[in-house]
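Just below sit the structures, each encoded as structure tokens.
The same subunit A turns up in both complexes below, where it pairs with subunit B and then with subunit C.
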Partner chain A sequence: MSGGVLGVALRRIGVSLPLVFLVSVLVFVVLRLIPADPVAMSVPPNATRAEIEALRAEMGLTLPIHEQFWIWFAKAAGADFGKSIAFAQPVSRLIGQALPATIELVVVAAVFATIIGLAGGLLMYRVAGGRGEAASDLASTLIMSIPEFLWAIFFILLFGVALNILPFTGRLDAGITVGRITGFLLVDTLIQGRFGAFLNALSHLLLPSMSLALGTAPLLMRVLRSSLMEVGNEDYMMMARLRGFSERRVLVHHAFKNAFLPTLNLMGVQFSFLFGGTLLVEVIYSYPGLGSLMVQAVANTDLPVIQGVALVYAVAVLLINLGVDLAALMLNPKLRIAK
Partner chain B sequence: MKALLEIQGVVVTAPVGGGRVAVLRDIDLSVKPGGVLGLVGESGAGKSMIGRLVGGVLPPAFRVDRGAMIFAERDLIGMPAAERRGLLGREIGFIPQQPMTSLNPVRNVGSLFDEHLAKLGVAGRAERRAQAVAALEAVHLPEPASLLGRYAHELSGGMCQRVLIAMAFASRPKLLVADEPTTALDVITQARIVALLGDLCRQYGTAVLFVTHDLRLAAQICDEIAVMYAGEVVERAPARDLLSTPRHPYSQALRSCSPSLDGPLARLVSLPEHMPGLGALAGMAGCRFAPRCPIADHRCAGHAPPLAENAPGRWVRAAGQCLSAALPARGDVPHGKGDAEGGGRLALAAEGLHKTFVSRHPLLFWKKRRVDAVKNVSFRLRAGEFLGIVGQSGSGKSTVARMLLGLEVPSAGRIALDGADVTGRFSAHAAERTKRIQMIFQDPQSALNPRRRVASIVTQPMEVVGRSAWPERLARAKKLLAETGLAPEMAERFPAQLSGGQRQRVNIARSLCNTPRVLVADEIVSGLDVSVQAQILNLLADLRDHHEIALVLISHDLSVVRYLCDRVIVMYRGEAVEEGETEAVFRSPRHWYTKALLAAVPPDDVNHVWDPHTASSALSRLDPAIES
Partner chain C sequence: MSKRNNGITRRSFVATTAAGATALALPGNVLAQAKDSLVMAWPIDPPTFDPIIRTNPGIQSIYKMIFDQPVTQQPDLKVIPAVVKAWKVSEDGKTIDLEFRDDVLWHDGKKLTTADFRYTYVERKEKGHKSDLASVFRNLTDVKVESPTKCQMILSQPMPTVIQWMTFLANYIVPKHYVEEVGPEKFAEKPIGSGPYKLVSYERNSRIVLEAFDKYWGPKPTIKKITILIMKDPSARVAAIQSGQADWVPEVPIREVERLGKVAGLTAEILPITRVIMLQIRSDRAFADQNVRLAAHHAIDKAALSRALYGGKAVPLSVVATPGTPGFVEGFNFPYDPKKAQELLAKAGFSPSKPLQIGMASFNGVFPGDYDIARAIAQMWKRIGIEAKIDVIEQPKYFELNRGNQLPEATLYSWDNATGDPEMFAGYLLHPKLPFSAWKDEKIGGEIMKLFAVVNYDERIKGYKEVNVKAASEGAVMPLLQSVMTFVYKKGLKTVNYANGWNLPQYWSWS
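The block that comes next holds the complex of A and B.
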């Protein structure tokens, strides 16, 4: 049995590794194709042709394209993405600073999305067939049709400006500084025992993560509701009722675990989108994460940074999917059959 | 003795259109402590609804309008839901029809058992585990301790049913409601489950409400039988009397429309049409059986007869004229089989068919696993001859069918159709195959395209041969419909507008479109009710008389094979273990497996003693590895 789990898990990880390689090839090729010349951006306007050629050779751009790729890939595998043109800093350091902020945002958003999605799905299932059904349908459709950046603007106007109860820029208030240990503010503040700073960091996360969560949760709700309805007709549900279990127990202990499986697969897809969604939301909230870094890099045509961040995004999506697949493996015994 | 369960004048209604229709009408039944009451009827008769009524799990919008249901001196109907739930799983146990899907697929046997025993009030996880192991041992499941960690999909249907039986008997219930508990299982497993249930009920003095469509099985294991039709009890009698001398026209039909393994071979009497659905019941004022009754007349439409006792212990819902009229008996029409050795043209020859499935190891991809699904099967089929292939699931009979049709390529052996070699891929001999061999699909519901009209469906094979003009196709469709006993106006219908029996006729009509020499039918009547099944079986028999068609009938139902087939092949683990003329094989089987199969079928003759224990024990001695 456990051998089966391990086998399937190992196979799944084995498939992910070539995918990372393919994605890196794709990132590399695409950025070579766009009409931006890193040499032209790095030399002063009055440089001579000889100087330009010298720099081109120095940057390795005269080598054949596949050799260029191998050099870049070998370094990237060691987390060395080169040096940013605009910031004059190693790309890995820039990413290292921004990544924890984005992961923190995505994780908190995913937690909110899961809570809202699952609670909403159960609620929609309970009101189905009754008077609340139309209202719950309307609400979920409304929430679903609003994109996350619109939620972001709406929340800023409502909670930040009109009610003025929540902060909406950056990760911390201007006066507070937290020593860096992991880069995750929620973790660092707790390690250092600074509870006030922890609450401050959390309040800064609230609006951006809710904006992201509301873009994700409605679909989870709907899928959970419809899987619960499907599961409701299954023989084992009838059998559980006939063994005398209460409706609540039947719903929580028999229906939910089965109905959650399709929802879990969707969560994999949705949480990958969540990563992409940070791009706009981070800019709107001036949140110093990967999204903000990416937008600046694109504005400056900072190719090394774009390459590095794009690869991090790709790996993040693969990891999320891997995580979801492994979770599905834990929850669904049918996937554990080694055929 | 005082009854354990007494159902008194219960009426259950469901909303139809604007009003409500009685889906159960004036039900009066009683079960004595330790007694076994059989509820027999076809699907839609309302027999499962009575089980759901006892469990308090009627479908939404169904309502009990009248009546009482007294269980151990308490009325289950008026009782608060929480109190009723306290009885369920404790004093009243349930055994479902579909054991594999009745166990929660994401929870293992141990977790379900633990939950069940916790509800029964067994304290302590270790104590519950010990009791679960003991309960699984009591239903003869091997290695009960390791079974606790396993899931439904890792077990066979018979094993799942044993787990559910073990759970039901954990509380030594006073009443067991078994809803078609063996319908999803093959005959040998059925005999074993029946034997087990009988032993446990005797041991604990448990009374049983046994719901089944199989009158012969009910006659063997029940004390009393109630026959149901369209939501009413039409007859109640001591079990053996009901099978030997049924009185209500429907009870008589139920017996004479299902083929049997013993007794003379006679043409089946089939009832026209099918059981009325909810919508049809709404407009029915008189006797609900009248539209299908062979002796109905003008008096029946306005008069609904009551259930009356016309002899001690025998209750019949019938008017005086119903009981005196003569019904068409079973032997009236002689049943003619095609000439088996009549020297007809050879339609199909299979020589040394072999199929090995190769699957890859999940991790070590250079390792292969081989399964021999079919080993060295040969037969010859003449025009007008019907061949039956029997065996339990996994015996390789469907793989043989798929090879004949070109859906699987044999690993070894030859297939010749009408003398032409068609061994190999379907595409290599597509033209010869489509002209000469056709398939009748098992499930007409999913085999008929729901977006096409019947005329277009039955002439679908004409699209393969070449483009035909619509008038030509319509004319062909009308002819095919007439041959399969369907009205011409059916051509305009969609499959959803047809009944199950009509859909199977359309399915057969389509297979006949290109006038093939050979038909392959895989379990085509297993999903049908007996009265509809009889129509289809007679249709196939008629087709043989009118066309020189040969048929390979794959079935797990031995009596169907006996009724239709000239010769039979018994398959066991991929091998043809016995082959011969059907009557000869069934009268004096030689192989132990054939003997076990035949012994597992309840007989038609009530005086013939049938013991499910002997039927199942013979097999387990000879092959301990067989599914328990």
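The block that comes next holds the complex of A and C.
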């Protein structure tokens, strides 16, 4: 990494840290202000009111909010998010168990979204002005207007029930067990040399990742097409055509390279949204990631877990954006000079 | 791999998915289930595998596969011996002699003894292990171990339902040697029990794999391997049974049960269980007047609610107890009578032209049909002159409102009681000092509180029957329906239906 890029990276990290702090303040305060009683949720039916009050005090919920926050934040800075009310386990352990599954899902979804988005954008550009333009516009609008959870249900009904060719629950078939090494199943199966289990894990990822990807891909298609159309009239494009290059070569080697950067910036934003999309998709597919954990925590008003997962989401979004910014810097020398 | 479904052409398949090609080459699938294994879908994931920590009704069946309770219940809820083969409660209700079986083994082969029982019920609390069990048995001062198979529980106050509680939530014996060896957190992740199945693997929010314990002291399970898929979404559970990815799914929407019951190869059931759907009532505000409360109760057509929302399978209730349980009062009927309702409301000065405004809280999606019931009741009330403003709340908010005595006049609620004992029905719901009671008036509440100290079983049950009738007659609670559980499963699976909704595959088989 060049010095310029490193400097930008450090500056971005410097800006991100206060953002993480602000997010944590916001999440903490909002959770404390909602009218909900997390303690009474987890007591036996013959518990006395005195016992509930004692438990609330023991959990620190009777302290002023700012005191509660500083106690929590000081521990969270050391990756100690406290103990879950519902699970009676350290939050960091729960997050550690669920995070790899979500990262795996988001990465595969991002790959699908990139492939579909870029291929679709190139296709839309190719058919622009022709008979296929209206159809491609309609298709991308249709895909974009359907939310992830509806795609999830549709895919289950189509591929899981009607065609009955793809699994739609969990990360592996009922008969397959894989020892945990990294938590990333695709990696663990390969490390253990279990190619069959690898394919099985991949098959379980297809439907949830496609559901997520289809929420992102149409925007990439449209931005790429617009960018291609912008660069299509540039002088260098005309020169390439005059030199007798095929239209495909002009498109891929000249137009695409220059039109890709705006798409890359959008990818950063969209891939951040993929994390948010996991909430419902993971529940629908019984996929054991952060989204499922978060939904379960919200149902139980498990404040420590909600705070911990929200913070992880915030950090993930910032890291993705940082990664995309760095990629843009590396791909576009003009940005480095400008910086 | 060949195409599995008729009517799907190769062309349409290729057109709809390229991804499918990868899957078609995949090895192993869940469709082919052997006759000694079972794939179950489950709507709730156990928050912990330490079974004494939480009193969550939805996961008791999973705990009962792995752990033993001191005593247990028959399908008709009669309490029967289990690990404890005999018991005797003293006349003052403060000491309970227990005799244990001597052939019960933990999954690691060590013997279960009264020391494990003492550790579970007394020592863990002393060591600071937080648990709901410790809270339930707050009056248990000691367990005196006389021998590996005999011990005596000592209570500071009588606990008339002590035996019923030992079949209920959080009452599971845990292995002292193992918890001490690995610590409570590790135990909660990878437990061993003495139940009919061993936990083989667990992935939170995804699946639980169990294997039959061949040295189990009780009847050996014929189904040797259980895979429990955690599927919280009802449509995913429906898809799972339709696609064959699960053999048994519970809590399927009523309409889907009716549809799936007609699908070849599937059996669908709607079973009433010991769960009561009711309106919790405040004793003050607009409901301070008994005429108003009774008018509101008489205006509800419970049979119509059952027909519209539960296929007519949910039994209308007049008391807070389900048919067949000890506190149920045969012959007592609180009738649907809109004319009488209007008359009673008129006495309080209200009518359709001069309606009474009240608040009503309801969940939406916590139990089947909850919000629909609330809306239907609001419509029924409107006809007689009560206008209810429905406020949809979540469970945490319910507890917050209840804690602050801020619930509205009526709250739609569902109450589970696997024991069937009336203390766990009317007792907890009308005891003004317990957290689940919305009713704060100490007249009926005082009678309930007295019953908490009545040790004689017959006297206690008689008392609860009287209070049940009184509570309904005075409008302290409005019991609505006996709730139902729904199941869909593959034909050939022989299940055993428990009146409390337990689903225990250790007693199931494939034909």
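Worth pointing out:
By definition in this document, the second predicted complex is superposed on the first by the 296 of 339 C-alpha atoms of A that agree within 3 Å, B and C clash if a C-alpha of one lies under 4 Å from a C-alpha of the other, contacts with A are read in each partner's own complex, and residues count from 1 in each chain.
Note that a contact is a pair of C-beta atoms (placed from the backbone, for glycine too) under 8 Å apart; a residue touches a chain by one contact, two chains touch by 3 or more.
As the structure is a prediction and not an experimental result, all values here were calculated from the model.
Using the contact criterion defined above for the overlaid structures, shared-chain residue A:R243 touches subunit B, although it does not reach subunit C. Once the two structures are superposed, subunit B and subunit C can be ranked by residues of subunit A touched, with C on top.
In the superposition on chain A, A:K334 makes contact with subunit B only, not with subunit C.
With both structures placed on the common chain, the touch criterion links A:E133 to neither subunit B nor subunit C. Of the two partner chains placed by the overlay, only subunit C lies in contact with A:A88; subunit B stays clear of it.
Looking at the shared chain after the overlay, A:V283 reaches subunit C, while subunit B stays out of its contact range. Contacts of A:G170 after superposition: subunit C is touched, whereas subunit B is not reached. Of all residues in subunit C, only 4-5, 8, 13, 16-17, 19-20, 22-31, 39, 41, 45, 47-48, 50, 53-55, 130, 132, 135-136, 138, 169-170, 185, 188-189, 200-201, 203-207, 209, 227, 229-233, 235-236, 239-240, 242-246, 394-397, 399-403, 424, 428, 433-436 touch subunit A in the complex they form.
In the complex of the two chains, the subunit B residues touching subunit A come out as 55, 57, 60, 82, 85-90, 94, 96-98, 101-108, 115-116, 119, 149, 151, 153-154, 164, 167, 359-360, 362-363. Every residue of subunit A that touches subunit C in the complex is listed here, in rising order: 34-38, 40-49, 51-52, 84, 86-90, 94, 97-98, 153, 156-171, 173-177, 196, 199-200, 202-203, 206, 210, 282-289, 292-293, 295-296, 299-301. Within the complex, the subunit A residues that touch subunit B are 1, 4, 7-8, 10-11, 129, 234-236, 238-246, 253-254, 257-258, 261, 331-334, 337-339.
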